[in-house]
Structures are given as structure tokens and as C-alpha cells.
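The same chain A turns up in both complexes below, where it pairs with chain B and then with chain C.
Let's turn to the complex of A and B:
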């Protein structure tokens, strides 16, 4: 009797899982393998099962990396720039805002919501709002510069400024998220530590460097990884803020994912595009493994 | 003390007991530092909100007023809205986005809960393996799957006609993040309660549906809100799979809308307002739940 009950439970469990198992195999695992497969083929969507060409697509990417005018070369270096500029600024600003929010009582909820609004908004809408703010001559920012007697700027129209202008919007759009996570982290630090430090006569600065920052370490690692992955996957903003959505001017804003889109769905060069996504996947995998290793070293106090 | 960024469930319990993430240390004493902090925070809040205000103000201005550069519209008009809603397919895009976000949210709410429940409350052979198999898909970036998904969709005809709805929605019908979260939330449902129902002769699905699920309703609600926002804002995949205009979602429609009214900023801002305002309302209504939920899951779309 007991055995049949247990067996019945097992059957129920499998029945509950059935649809989801099929889903994960068909819509996640199989496509993953297919992506690898396509990356080794000369594939376009109209002629399925293109011929196997081994590592040719990867070799093409490698060669493109050394071609001065190649968009893919620009995409790799730009993506690196987005990460190296975006992540540190995002984290620093996020921590500053979180600490300020944590230190005030009144209106903290209002400010928290205000900083969070851009995060729930569609990035496409965000892109257009900022296109309008950045617009040459008529844009609000250029008008403000004019009123202050400063020279007008090109922003997304200038090859020198475009990447920074878009990075600023990306930081603006997800700052609220970083703030919320830091705030949750700050609130996990027990008051006793601060009280003890104050009794010992530690100054604000000392408390920050010796207590807050070390105790926030896991949160900092978590956010750095998350934001790095986020900036590695930049697409929505660049697609909608650069001229014709092509990552210009002069490829100065294009990203790896935008090139995937252009190669795969503009030129239908899907083998090459798939190889780009495999590389992106490997980078993200490495970063995730790094995060898991660091976070598994639990910090004891 | 052990600090771990992974203990999201613990954090949730703590936060839900407190009712809110709230600054822990309150200094009501008004010092110069506090004044300075409020000033900085207000300045930041202006930077976060002003672009949206400017967007909405612009949408009420007649085109000729854009060059005047006045803050408020001199002759506020609804013409832009009337024009955008009648001459473009915004109405249709609204319905598409609503339909797609609703379908995927219902599916996610049902399947993620069911699978999370199964992993929490059942013992069966292969449990760990299957769970890891689902969890591991979190490391696969969407960008790597779009090319295989597109190829599969083209072969099955999901990129044409009404099947485009299915094409847009199918990748997000079940989510690994949701399953992972729901598995943890079902911890709070006591096994004795389920056993009692079993003794009463209730079948396993009835136990899940009528007893366990109502007990985790707040968690399901949070999952639904995120999923809805994520799908409402999704851009890359709908951009690729929706081949005809009538099947665009709002972000996709908006991004093509720009091409059609290149420098008519008042029209573009009207479109952006139309895409943003419903979400702003959802955010204002569910602000607490959204921020609380973000703090414990750190998930986006």
C-alpha cells in the first residue's frame, strides 16, 4: 500500500513536469545546440542545413578583428568600452544614492520610486526621449547649453561623443535597479557594527571603508557581474539611438549584439551571426562561473 | 554572520515580515549634512524624472512650438494624440502588447508555480538532474537562441499570419527564474496541510490548485507583475519574428514609427508617451511590490 502511494506520487510529479520538460528541451536546450551547429555552417534561413564549414565563421570573425574598417571590430571594442565605462560609474553612483537613501527617513520612498521609474520603462521609448533631449539645435540639452553660453554639442551625432552619450542613458535607465539592490544589501548590515565603531570613535570615512564596503562585497560582486552582462548585451538603446539603427556614426556605437542582428537578419549571414553569439555566450559563461566561485567563498565575520 | 547574495528567499521573508525595505537607521536630527543629502537626492530625482516630463509636455505641443523652446505648451493640444492614434497602428500595437503580455504572464504564473511546487514538495528519481537542467538554462543568453528560434519558426510557419502571435510569445511561456523562485516560496506551505488534504482524498492537482497555490498568492502576484513588464517591454525577439506591421508590439511599432516621422518630435514623443504611460500607471499602483520583488530577485524581463 505504501509503495503504491509512493509510486503514485512519482507519477504525479512527472505529470506536473511533463509540459515544462518538453518546453525546456525544445525551446532552450535544442536551440542552444542548434546555435553551436549553425555557427559551424554556411547557413542562411532560406537554405536550411547549409554546408558544414568547420571553424570558417570563427576564422572570419578573427580576421575581421584586424580589419580597420570592419563593423565587427568596432563592435568588439565598443562593447568593451560600454562595459568598462558603464559598470564602474553605474556601481559608484548606485552605491552613493543607496547610502544617501539609507541615511534619510522622510521621503525615502518617494526618492526610491523616482530613481526607479526609468527601469520599468521600455528602452525603446527611453531611447526616443533621449534622442529628443540630445537633438542638435532644438534639443533641450543644447538649448540649455546655449542659454549658459556654452557651445552646442553633437551628442549621438558626433563620432567622438555618441558612445558616451548612449552609455549615459544606459546608466540612467538602470541606476534604480542598482540602488535597490545596494539598499537591500546595506540593510542587511546589522546596526551593532556601526554602533560598536562609533563607540570606538571611528569617523564616517573609516566606517565606510572598514565596515560598509567590506560587508557589501558580495553585493558588489553580484552587481558587477549582472551589469557587465547587461552592458555586454547592449542592443535596444543603440538600435534606436544611432542613425538608421546601424550603430553609427562611423560604427562608433555599434555593439556585438547589434552586429548579430545586422549580420543574421539584415544580410542573412546566420552562420557568422551564430558564431558571434557563441562567443558572447562563452564570455557570459566565464563571468558567471567567476561570480559563483567568488560568492561561494562565504565571508565570515 | 554569513552574508550571501544568493539567500534571496531569506531576504524575501525578512522583507515581507518588515512589510517594506525601509531605511534602518533614521537620524531625524536636521544637520547640514542631511540638508546636503536631500539637495543631492532632489537634484538626482529631477534628472531621473525630467525626461519623462519633457516627453509628455512635448506631446501636447503643436509642431510649430518646438522651435520656440518654451517649457510649457502655449496652446496645448490633443492633436498629436488624435493624429498618431488615427494614422498609425498604435491601437493595434497596444492590443498586441496587451495580449502577448497577458498570455505569457498567465502561462508563466501557472507553469512556474506548478513546477516550483513539484520540486519543493515531491521526491522522484532524477529530481536534482532535472532541476539543474532547468537552472542551467539561465546561463544561456537570449541572443544565442534567437537565430535557432527564428529558423525553427520559419520552418513551422510561425513568422506569418496569426501564428506570429504564437511566434512572439512561445519563448517566454515558462521561465527558469520563476521556477527557481516559486520552488523557494513553496517552503512556506506546511507539508502537514497537504498530507491532511491527501487523507481527505483530494487528488494531487486539487491540492496544488486549491490549497498550496492560494497560500503563495503574493509571490505569484510579484512574478506576474515582473513578467508582464518584461514582456510588455521586450524588443529584440518581437522585432525579429513579427514580420508584418499588424503584429508589431508597442516597442517594435515605436521603433519603426520613428523612421516614418523622422523629425516630427511632437509625434515621436506622443508615441513614446503612449507606450510609457500605461507602464507608469502600473508602476505607481504596484510600486511597493515591484521594488520589493526586484530587491529579492534582481530580475529583468
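Let's turn to the complex of A and C:
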């Protein structure tokens, strides 16, 4: 059979696509789907049989959710808190910085790079540096407080402050990404709208609320979905910033993913851990659909 | 359009999940079927003779990455291979401590991993109930002989009357003291605390605060993420007349009497009442002691190596843990070696693994180990060596061997976490000490109940 040039090109395209597709199927999809299966089993890693136990793992999670002070209960509530605190602050700060960067001409490239650097830094390295900054007594921040005559703070060692301290680092670490996306969004807005508004005598606030924000809507939706997923999957920072990586003190910083890790690789309850993953997956799916539905508005001028 | 994509995606996911769930365990990766324990060990000893001359059997040995232990084990392996030309031991010590258990867990479904593995004795119950390690053959390791020749704490390696693992070396806890700081505080560095009362009094005297009331020098910081939880379970409780668990390890007894609560209050007292330190300051455990910021510190013999390499100029001494009500006690623990299902599935490898394990648990191996790592030999004959007892640093640990106790942990990390949480709830949130101890007991009791329910 003779192939036309076009057909041949298409075949080649598929051949190249197949390489990454095989990778995705084998390394991502297959294990992901396997997690669904494992969540219905009492599978301990050391045993290779894993009997089918139906919904028992889910029932155990359900019971743990109502147990006072259980780690899993704390994990769900904390994860919710990370999202509710982290995402709005992240977006607000990101937009503010982006608008400021957008309005300066000189050294804009330098500032953009400066804001972006934390994002390309390994989160584990970030966690260690912040651990030292936060350190009680010897840390830089506490030394500053001391020099100013203020009382020293516990930060990650205090059950009341730990979650906020870690959220702050998470925001700091990925602010650069938010800023860059917002910048791109801002530069998409045609200048003629602003000029027309100014001629019509619109104030700065009016321009912001009536033009900038509505036209940024797709960017805001994209970022809020992405950031929500990011905060729902919070793990690296907590694992490296809480005492011995256990999500303490007193479970005040633990997250669902950290509990998955602790159950799976600390206590070898793979079935329970897989069930937690599936629940997290469903939560992410639902929230994402909800956000896309509710936040997405078409703005036409 | 978007709507349809999601519906499609969800349907696809749901479908695949269903298909995968419905199909048999085949979906879970399987390693070569391991044979049952007892039958294998008998076959193994026979196969040892069968192994054809000239044929080299390779076995894999794993331990976590810790320089002194690697050096010691490399020497032992070289000696062993010289004596047994037919066996080659591959030494894997690349895995960092934090990932050691993960790596082992991941290696099993993959069908690779160690034939002989080093594990913390506290992990043993889980590894045994998961079927990962097999009982040691009785002809090679006669239980009576082991009980007579090894330190009493090694009893924790017996489960249901069967010996599963055996250590080269053991560790005990003792009290470290900083001589310079004691002198600065007007204490006699040649007279460290012998009783709890003396520890309290000297720790208070040694504590130094700056103008704002922050610790400059901590007398005695109680480090729960370090060894203090062990000190509570096996030492303080016993000194206040309360044994930590029932003899059959089915009941947690920490709050079974007023003595239990008294022991708990004693532990808390240093931070809440006497204010002799806060272990989370100064970079955490055990850096406060290494940096010369603490006078007294409870730790194991393994810390001697860390101090020698990280703080060689520290002027310190070590004494036995302070006694109370005339009771002496210390916590003993050990890293122990077990033989895995992987070795047991092949008689020739099993025989080689048994030989290797016998070799690394001899008194000679223990004597070499103590020189390299500072851990005490597990064999009593080596541990009662007068030279060792006279050692100014190791002597205090060796003196603890005859009365050391180790805890049988169902889930060491959760048991420890329960006590850490109870302690933190009191010192950080001002919760009621008695209520928190009760809650910790409840948590750990639930772990025990779950463990014994399956037996």
C-alpha cells in the first residue's frame, strides 16, 4: 500500500506521540487505576495476596473522620484550611504583584525573575531554609523579633501557628508562577479598552472592577483551579517542616496526602492509604468541576 | 463541549476502576510465590551440603546508611567471605535511614531486595505478621542457648516462642553531662546526679536565662522526639512502681495506678514546673547537647559516635540513668538481623543466609562492632568484659545491660507519637496532664487490641 505524504506525516506524528503515551499509561494511568483496586483490598505490602474486603477501608475512614483527634480527621480539616487560606491570598497577592510589575518599565525582567526563582527551587530546599528562618530561639525571624523587643514565636513548633507558617511558605514558593500567568493575562487586554474608559472619565477603581477583572476571568479560573489542586495535594512542605515529618505538633499541619504516606509506608496499610487517595481524587474532581462551572463566565466586549 | 468531555472522562475512569476491581488479584503485582516457613528451613540445612563445590551463592544484605555501621559490616563481610569461599555477600547500605522502610516495602512486590536485612527490633512484630521474615531455624539458633548467652533484652526477638531475629549489638540509655557547664554553674563535674532528686536540683542550678527570660543554657531539656518517651515507659514508670504493660503485652498500664500518673508528672515537671529547658529550641534533638547548650541529656550509646565526629571538643561524661525509690532501670534497644522470605524461597540461599547470620552474631563480631560503632555487644560474654566496663564513656551503658528492658512495640511509631502528642498537648496547649495520659493509653490500647485480635 502506498501512503500519501500526508498519511505518512500523520503516522510519524502518532509514532512520536506513542512514546509519551506509553510512558503515561504505564507510569501514571495504570498505577492510578490500580489504586482504585487496592482501595477495596486489605493489602499489606509484604503480602502479595491482599484479600477483597469491599468497602471496609472506606468505612474505616468514615469512622476515623468522626473520631476525636484522629489524624485522618485532622488531615481533612487541615487540607480544607490550606485551600481556603492559601488560594485567595495567593491569587490576591499574585494579581497585586503582577499589576505592579506590569506598570513598571525599567528592570521589569529582573523583578519577574526575582519573583519566579522560588518557584523553580526544590520545595525540600525551600522547606529547609524556612525551617532555619522559623527556628525558635536561633532562627533569623526570632532574632529579629528579639532585637525589636517583641516576644519570640513558636512558628512551626506551635500548634496554633504551624499551619499558617507553612501556608505562608507555600504561597511564597509558588507566587512567582501566579504572577507570571497574571502578567500574561494582563498583557492580553487590549489598550484600547483602557483608553476608551479613560476618555469616558472612568476612575482607577472602575477600570479595575469593570475592565481588568472581568477580562482576567479565564486566567483567574485557571489559576484558582490549579492552586486549589496544588493546596489539596500539599505534602512536601509539611513532610519537611513538621517535627519528624509527622504533620505535628498535635496533627495541626498534617494533610490528606501526608496521611496516605504515613498509612501506606509507615504502617503498611496500603488498602486504607489507597482508599484515602481515591477519596482525595474524588474531592479534587468535584471541586474542579464546580469551579469550572461556577467561576467560568464569558465576557465579551 | 466541556460538559461532554467530563462525562466521558468520569465514565471512562469509573469503567476502568470497575474492570480492574472485578478482575482477580492478578492486577496486583506478584513476586515468585514464597514457600511456607518451617518446611523451608529444614530443606535449607540439607541443601547446604548439596551446594555444588565451586558454585558461588550470592546473598544480599541490607542496612540503612550509617557510616560506622557500614565500615564495621564491610569488615565482617570480608572475614565471612574468606571463611566461606562459596558465598558472596552483596552489601547494600545506600538507603538513607528515613527511606529504609519504604525501600524495603517497595522491594517486596518487585521480587527483589535483601536475603538478610537489618531492622529495628520494634519493627519486628509488623514484619513477622506481614510474613516478611521467617523464623530462624532452631538447629542453627537453639533458643535455650540464645537466651543464656545474649543480653536479656533480646527476648523481644522471640514471638510465640519462636526466634525471628538476632542482633550483633545492643544499646542502652544513660545520662550525658556537660562538664564545663556544670563547673560554670558551680556544680562538681565529678559528681553527676545519681538520683532523680539530684537531677532535678542540678538541672535547675545549671539552667541559665537571659534578660528576656529566654534559655541561654538548658539544665535538662526533655526530648520526646529523642529518647525521653523510652525513659518514661521503661524507667520512670518502673521507678514509680508501675510496670508499663501487662506481662502478656495485651494491656497498656501507664495510668493503671497513681504511680503511673506520678511518673508522667515527673516527666512533665522539668519543662512545666522546674523550667529546665525546652527540647524544641536550639535546633532540636540532640543538637542542644552537641552545641553545648544543655547540661544534661538522656541518650543512647550510639550518640558517642555522633559527638566524636560532630563535636569532638565537647567536654562531657556519661553516667547510668538516675535511680529513684531504689530502682535502677534503663531502656535497651537494638538493631537486629532477620532472614526474609526471599532467602527462604531458595534452600541454597537460605543456608547461606543462616551461615551469614550466625557469623555476624558471634561474640567476636560483637567485639569488632563495639570498636567501630560504640554499640555494646549483644553477647553477654563480650559485654561483661572488664575493659569495657571500665571505659569512661561506654562503661555507663555496659553497666545498664543486666537491668535494661526493651519494650515490645506493636507499632513503634504510633506508640511514640501518642506520647509525643500527649506531652505536647500539655506543654504547648496547657491541657490536663492526667487526661492526656489517659488519652495516650486509649490510643495505644487500641493498637494493641487490633494487633491481638488478629492472632
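One rule holds in what follows: the second predicted complex is superposed on the first by the 259 of 301 C-alpha atoms of A that agree within 3 Å, B and C clash if a C-alpha of one lies under 4 Å from a C-alpha of the other, contacts with A are read in each partner's own complex, and residues count from 1 in each chain.
In this text, contacts are C-beta pairs under 8 Å (C-beta built on N, C-alpha and C of every residue); 3 or more make two chains touch, one makes a residue touch a chain.
On a predicted model such as this, the values are computed, not experimentally measured, just so you know.
Q: Answer with clash or fit: chain B and chain C placed together on chain A by superposition.
A: They clash: once the shared chain is superposed, the two partners overlap in space.
Q: Which partner reaches more residues of chain A, chain B or chain C?
A: The partner with more contacted residues on chain A is B.
Q: With both complexes overlaid on chain A, does A:135 touch chain B (first), chain C (second), both or neither?
A: Both partners, chain B and chain C.
Q: Given the touch rule stated above, what does A:266 touch, chain B (first), chain C (second), both, or neither?
A: It touches chain C, and chain B stays clear.
Q: Output check: A:250 vs chain B and chain C. Expected answer is one of first, second, both, neither. What do you get?
A: second
Q: Classify the contacts of A:213 with the two partner chains as first (chain B alone), second (chain C alone), both, or neither.
A: neither
Q: Have a look at where A:285 lands relative to chain B and chain C in the superposition and call it first, second, both or neither.
A: Touch partners of A:285: chain B and chain C.
Q: May I ask you to decide whether A:157 touches chain B, chain C, both, or neither, giving the answer as first, second, both or neither?
A: So A:157 only meets chain C here.
Q: I'd like to know which partner A:38 touches here: chain B for first, chain C for second, both or neither.
A: In the superposed model, A:38 contacts both chain B and chain C.
Q: So which positions on chain A get touched by both chain B and chain C?
A: 34, 38, 45, 48, 135, 138, 245, 265, 285
Q: Using the touch definition from the top, list the residues of chain C that touch chain A in their complex.
A: Residues 2, 6, 10, 13, 16-17, 20-21, 25, 27-31, 98, 101-102, 105-106, 108-109, 126-127, 130-132, 212, 214-215, 225, 278, 280-284, 411, 413-414, 417, 420-421, 424-425, 428-429, 439.
Q: Under the stated contact criterion, what part of chain B meets chain A in this complex?
A: Checking each residue of chain B against chain A gives 1-6, 11, 15, 20-28, 34, 37-38, 40-41, 44-45, 47-49, 51-52, 54-55, 58, 66-67, 69, 111, 114-115, 117-118, 122-125, 127, 130, 133-134, 137, 139-141, 143-152, 154-155, 170-171, 173-174, 176, 179, 204-205, 208, 229, 232-233, 235-236, 240, 250-252, 254-255, 258, 265, 268-269, 271-272, 275-276, 279-280, 282-284, 287, 290-291, 294-296, 298, 300.
Q: Where on chain A is chain C touching in the complex?
A: Against chain C, chain A makes touches at 33-34, 36-38, 40-41, 43-50, 69, 135-138, 146, 152, 154, 157-159, 243-246, 248-251, 265-268, 285, 289, 292.
Q: If you look only at chain A, which of its residues touch chain B in the complex?
A: Touch list, chain A to chain B: 9-10, 12-14, 16-17, 19-21, 23-24, 27-32, 34-35, 38, 45, 48, 97, 100-105, 107-126, 128-133, 135, 138, 140, 143, 172, 175-177, 180-181, 183-185, 187-188, 190-191, 194, 215, 218-219, 221-222, 226, 229, 233, 235-236, 239-240, 245, 257, 260-261, 264-265, 270, 273-274, 277-278, 280-281, 284-285, 288, 295, 298-301.
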